[in-house]
Amino acid sequence: MFLRVDKLQIELPAPAQQDVNAASALQELLGGKYGEMSTLGNYLFQSFNFRSKSKLRPFYSLVAAITAEELGHVELVSNGVSMLANGPDEPGADTVGPTDITGAPFEMMKDARLAAGFLSHGGGAVPIDSNGLSWNKDFVTTTGNVIFDLLHNFHLECGARLHKLRVYETLSDPTGREVCGYLLVRGSVHAHAYALALKQITGVEIEKMLPTPNIPLANIPESQKYLEEGSHRRLYTFSPEDYREVAGIWGNGEMALPDDPPGELEVVEGMPEGGKIQELVGEPSAFTPDYAPEEMYEIATKLYKASR
Amino acid sequence: MFLRVDKLQIELPAPAQQDVNAASALQELLGGKYGEMSTLGNYLFQSFNFRSKSKLRPFYSLVAAITAEELGHVELVSNGVSMLANGPDEPGADTVGPTDITGAPFEMMKDARLAAGFLSHGGGAVPIDSNGLSWNKDFVTTTGNVIFDLLHNFHLECGARLHKLRVYETLSDPTGREVCGYLLVRGSVHAHAYALALKQITGVEIEKMLPTPNIPLANIPESQKYLEEGSHRRLYTFSPEDYREVAGIWGNGEMALPDDPPGELEVVEGMPEGGKIQELVGEPSAFTPDYAPEEMYEIATKLYKASR
Amino acid sequence: MFLRVDKLQIELPAPAQQDVNAASALQELLGGKYGEMSTLGNYLFQSFNFRSKSKLRPFYSLVAAITAEELGHVELVSNGVSMLANGPDEPGADTVGPTDITGAPFEMMKDARLAAGFLSHGGGAVPIDSNGLSWNKDFVTTTGNVIFDLLHNFHLECGARLHKLRVYETLSDPTGREVCGYLLVRGSVHAHAYALALKQITGVEIEKMLPTPNIPLANIPESQKYLEEGSHRRLYTFSPEDYREVAGIWGNGEMALPDDPPGELEVVEGMPEGGKIQELVGEPSAFTPDYAPEEMYEIATKLYKASR
Amino acid sequence: MFLRVDKLQIELPAPAQQDVNAASALQELLGGKYGEMSTLGNYLFQSFNFRSKSKLRPFYSLVAAITAEELGHVELVSNGVSMLANGPDEPGADTVGPTDITGAPFEMMKDARLAAGFLSHGGGAVPIDSNGLSWNKDFVTTTGNVIFDLLHNFHLECGARLHKLRVYETLSDPTGREVCGYLLVRGSVHAHAYALALKQITGVEIEKMLPTPNIPLANIPESQKYLEEGSHRRLYTFSPEDYREVAGIWGNGEMALPDDPPGELEVVEGMPEGGKIQELVGEPSAFTPDYAPEEMYEIATKLYKASR
Amino acid sequence: MFLRVDKLQIELPAPAQQDVNAASALQELLGGKYGEMSTLGNYLFQSFNFRSKSKLRPFYSLVAAITAEELGHVELVSNGVSMLANGPDEPGADTVGPTDITGAPFEMMKDARLAAGFLSHGGGAVPIDSNGLSWNKDFVTTTGNVIFDLLHNFHLECGARLHKLRVYETLSDPTGREVCGYLLVRGSVHAHAYALALKQITGVEIEKMLPTPNIPLANIPESQKYLEEGSHRRLYTFSPEDYREVAGIWGNGEMALPDDPPGELEVVEGMPEGGKIQELVGEPSAFTPDYAPEEMYEIATKLYKASR
Amino acid sequence: MFLRVDKLQIELPAPAQQDVNAASALQELLGGKYGEMSTLGNYLFQSFNFRSKSKLRPFYSLVAAITAEELGHVELVSNGVSMLANGPDEPGADTVGPTDITGAPFEMMKDARLAAGFLSHGGGAVPIDSNGLSWNKDFVTTTGNVIFDLLHNFHLECGARLHKLRVYETLSDPTGREVCGYLLVRGSVHAHAYALALKQITGVEIEKMLPTPNIPLANIPESQKYLEEGSHRRLYTFSPEDYREVAGIWGNGEMALPDDPPGELEVVEGMPEGGKIQELVGEPSAFTPDYAPEEMYEIATKLYKASR
């Protein structure tokens, strides 16, 4: 089972301006082969399909716990996408009076790289990559063979790191860069964790291959605050009570990777503190949340009061 | 953010026997157009993309809370699929000695309807439908228009109900039938909830269209215990603290649907008690968790102890 | 614009028995690369995209008129598919009393080759091929170059003929065989027509390549009555008043192909007489048209009377 | 069976200029999830697969008749797409002398959003959406359950309306705007008709949810002439003689929707008067209809004369 | 550039009998995510896209040379598929007299798991997996980052090994088992080679993870003759003169893996001796090579003589 | 089996400048329906699946030999794509010192038509078309019927010619134009060869339909040097010793097509001389071949020396 908390893993800075192509670039980290839907999908189904769970508890718990974090990564990238696609919130924009739609108010959208992002989703995120292609089951490897699945996951996290770096290099807006800066740190934790798991079973010190690509996180300004608070040394259980056995793999005296700020690896029960979710103020002329939403707001207010 | 709990929403009965084609039928409820990946994917992205959240809190919370429950539905169907594909757990089967793979031990799998289920996934669940086709973004509608998205969701839950009923009709095994019996009850709650939300905004008593198809749950033996405990009247927040505003929609003196056991609708904070997850004992000859897994078990045991 | 007539191009014999795998085989002729959706899709879009229509009227009219016939072919194959999937009509089967769905009444469907045919479509036809894969735009060639598009169409009709022959060879049921027998005759007309069009422009006697594959229709018993009535010599305009210019290509003293019954080619304005559409009696236990449809029938009867 | 008439449902104004990205935006209404191929595909296969047709005649006829209209909508959008992609007709452009192709005459096409529109289709329409992705069977729902299929169709028409509105907002060219303006009116008729059908069976006044999105057609200048002539009150049978039973649903004293010009709903046998199809003058340098088409024109002229 | 030699890498034993479902299982090794089209496609495009080739010659040559071998693997699996689908060659079967196709001679094909294999391909191989789904670009990783691409390739070969083992376990026929037995040996060479390349760059002894899955090839009877001849120690350049620089990676005193027969690794210039390609005698009743092929044979004979 | 030679079929001129959209246009000739992956895939699988090879040797050899040439075409287009995507080689660019990635150095890539080309492939080629869609099995026709497969191939080569012409018209850069100019000549050879094969079997002089489209190669400046050296009259066996029987079809006194420079057709054993492959200098800031590649170069140099 899963519980949901109405927060993002970090609070994202507001976008400097609307940039739908930047939003489309960020989609690579959502629905691409090496995006967050893929890390989520792999670990989700691997954890469902895990064999001999009780005998292999620490390995099962590792995959299961990271799955829950990946859900939040999907959420984080999705929020980044819709924030970039819609631009900075303009308070009150969703309560304008009669809206004129006759002057082709969204003409620029016909030249947007992925026009369906507006036409179909009103600027929202969907599980597609930066070329508009759907995430799909070909991105999921779940064989039931523990060593192979872990090796796959290690490769997946390295690929995800490369893609985050490249997306980062295309973005000048603070929103998207923050998404990348944070996920680079957390992705490194996952790559490191799968490496340690593989080392436990096979004896191969595969964590020495990290970081791949070989650029230290110290080079990414947006990653610094997360490194400083030690995020790269923490594995969260993302559970009220379960998955503590990950400490058999992440811990045990293992230390941070040489390129990163030093210190011992630690398991944190539960989740990070998190940050506020963007409001995403509606745009009546785009029919979000509606063309003439006032009455809807009134009803919602009444229901809200009734719920307390 | 999301948290994970190492339980299923209900405990599933063990399968009577291995039945890979039944597992494939059940996949329709996992990766089909009207399956759980679709309900999950729609609500997940709708909640991420929701506009003017603060002004429309009860509606946002409804979609957000149900998303979390759908994650558990994806988990439940996935467990059902792998249980059927693998048959009843045989304790100790994963610690047999040298395994002979030369006598075509899985010859029957070449005639299984979806042979890749064994070849690629070792009997595990993946996001495909009953014909083996991938779940994909075409199954996600997230327009940002609140009325339309709710209408879509109402239709989606009715379609999901029809598909659950038909899958149920193809299964004689208790595992798959229990999955259907439970999900029929919970799906009815979601259809009802979206209907009430629509009624609040539009005044149309669309809940009077329920149940669609027009068969009462009373006809499904496997649904009875859930009806008796009042599951059809409960909407869970699936959150430690958030989404309580759903009570503005689910509550307010609204009553159970006429066909179901009577009573007032109620919001339950948190999640149901849940049940144990199946062990899924490995099968070394299928390389799950490995061909000769003994050493791996030993390592895991050591790590497990180290983690406590 | 298009008009619809509530008839099939021929009346199909009732299926001898339900055979869902035969229905799935027939799907190749509906949604496969060389199926009727493909001939339809190619000619439909080619006719929409046709350049310099007025200067090239006979060629435009040829593609446009055949498009309309292909719509009826899609309809014919679809009817064949659903007839085979559902078996012979049992009058009154759709008015049975309370239906018990608890005994896994459709268990056999979990072993059907394409189980989603039942689970999702209740035995209905959809635009997929015999392996369950979707028809898609990759099957449409519309370049705007008249010679190339005609050459493509000639090749397409030859490929369609080969696929019809092979599907025919897998079917013992009269319904599916009649579909093939009729479409073989009509497909031959289209191949012949495109060949004549190409010959007019290029001088190449490409019609001498017919029939491809080189089996005369005389060998197919189910095709005989259509040959006898001269269907192989007739091109219909499938229009109340338009497309008569096809006579510039189909006509002009050209004769039937050597393997077929001799005679001059002729253009027929309008459409063939056609035959009755199968009733497809519903099955309440499969929720078609509904679980308890009696009230629905009453309403329909009332509305029907009101409409006269 | 289907007949074809060599006219569009309305005559489209010529495009002001070539705008391939506008053409690509319009593709959303052709091959997108909520585009005309989808409405067509759903109703086409639902009508083929309809159960107990004779007992449910008015409902069957409704779906069957609307199918035929949708064919014309696919045609209308396709014409709009190719007109925008090719720009205003230049008489005689298809009879220029020797054409030089060496100076990269279509260099601008490499920057067009969907370059394959030129490279593969010479500016023609194909069944793809505004991101270039194929229409496919995932967009077709045909379950055989009448209430559910009607509910799906109602939702589909509302979604189609939203998409038309958004595409309209991106277009400044008269051709594309006219397509949207007309289809908004006709789509409203279909949504209304499915709502009335559902109301007849379930008693739920779901038509009160219309219009969704909640913008009156009065706000769309391009829709006015169609409203004035009462198009929003007319359901055509699109058949020489069949489907008159739709009058049991559309009629019966039901009135136009409150936002639209008032009046009683009426069934019109046959089809609207329609308008001329655009010539789409060829472009020899793009090999449409050919590189040096003069001889082809001569041949066509001769054949045309021979056909009279 | 590529040259072709009219031989298989090994001679395959004739199939014991026709087994279309075994052929479909073997398709997993052709068009599946971890099949030979994938190893080919990855190395083909990686070698095309390789950066700074001259500075990284041994790594470039490794990928380029293995690509050429993979082409032969695609060929080998394809031959295995068509041999199993068609059964043992019956000399003269392609010169039978008049063939009767009216008695549903291929009725069994409608129940074959992947019926299109017969309907569309006459028993031939195509780039699909064991569920009939297409190979596609999602299976190709080519990032241009050398370490990551090599890591991906290492993981890919391990995954390919697991899939070969599982396919092997479903096959009792000698043809398919020989394909697996040989490819297991050659795939191990590739996994080993990529591991050594990674070790050279990163220092990580990742080859110690081999074999994955952890079953020695000694357990596979069909692999023994290849092990005995030392195939597991040989890397071929598959080139008349190029790619010798692979000796910097495969060689250098490195030894066979511990589980395999001992010995030093060696680079072999050129290719293995190879074996005869199966004749695949035609079946006129399936229209292969034609319905009445005698005349075609005569023409071919005449042309053959003319060519000498 | 296949051998590889480290050369392109021709040496390509360096690109004048980086032009990622031109690279994307050229992708149509790589992964599009009528691109080189398609010609390759069709002939590859047709040759694998060929029936009664010994009786039909010249036809088999024709398809088999052209397959090998197509591999080199895929290579040529791929090189063209990556050259255009990356621009002219800058010697030493891959050995720059510390690289700063923080200033959004690839911001322009977020506006590139197919951004994943950079994000995922670092400017490399992949099997997709100009809209970013994957090559797939729907582009492969292999029925086993010799006449039909040859007819398909003839149509395929004509379609490929049209697509090459249109891509050529969008490119001003010398690299892409040279790719087109050369492939137009070689594609004409293949169309001609399939036409002659068809003529031998059917007697139809289908080669008289060439060239389609009807523009002589004399109009394409980049094709001239290849015409002058007689490339249009040469069919290579692309084999050390096999496939000489193609001389029964290509030869026999047949002459060049009327539009091309006159002369007799000739079979050339082996392959053309070929040209140098572009270096594709890496870009450390894009992580190709790596972020800090110096050590990797050193290792490679050492290994290179060890290999000699």
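As written, the chains take the letters A, B, C, D, E and F, and residue 1 is the first residue of each chain.
In this text, a residue touches a chain if its C-beta (ideal position, glycine included) is under 8 Å from a C-beta of that chain, and two chains touch if they have at least 3 such contacts.
As the structure is a computational prediction, the values presented were derived from the model and not from experiment.
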| item | value |
| --- | --- |
| Partner chains shared by subunit C and subunit E (touch criterion as defined above) | B, F |
| Interface residue overlap between copies subunit B and subunit C, same or different (over half shared) | different |
| Identity of the chain that, by mean CA position, is farthest from subunit C | A |
| Of all other chains, the one whose Cα centre sits farthest from subunit D | E |
| Centre-to-centre distance between subunit D and subunit B (centres being mean Cα positions), rounded to whole Å | 38 |
| Centre-to-centre distance between subunit F and subunit E (centres being mean Cα positions), rounded to whole Å | 23 |
| Of all residues in subunit F, the ones touching two or more other chains | 33, 113, 120, 122, 132-134, 136, 138, 143, 145, 147, 162, 213-214, 286-287, 290 |
| Interchain contacts (touch definition) - all pairs | A-B, A-D, A-E, A-F, B-C, B-D, B-E, C-D, C-E, C-F, D-F, E-F |
| Residue numbers on subunit F that touch subunit C, as the complex places them | 33, 136, 138-139, 141, 143, 145, 147-148, 151-152, 154-155, 158-159, 162, 198, 202-206, 208-209, 212-214 |
| Touch list for subunit C against partner subunit D, complex | 1-9, 31, 41, 44-46, 48-59, 64-65, 67-68, 71-72, 74-75, 78-79, 82, 94, 120-128, 134-138, 140, 142-147, 200-201, 238-249, 251-252, 270-272, 274, 277, 279-283, 286-290, 293, 296-297, 299-307 |
| Sites on subunit A touched by subunit D in the complex | 100-102, 104-111, 113-116, 118-120, 122, 132-134, 285-287, 290-292 |
| Complex interface listing, subunit D residues touching subunit A | 19, 21-22, 24-25, 28, 32-34, 113, 129-133, 162-163, 165-172, 213-215, 219-221 |
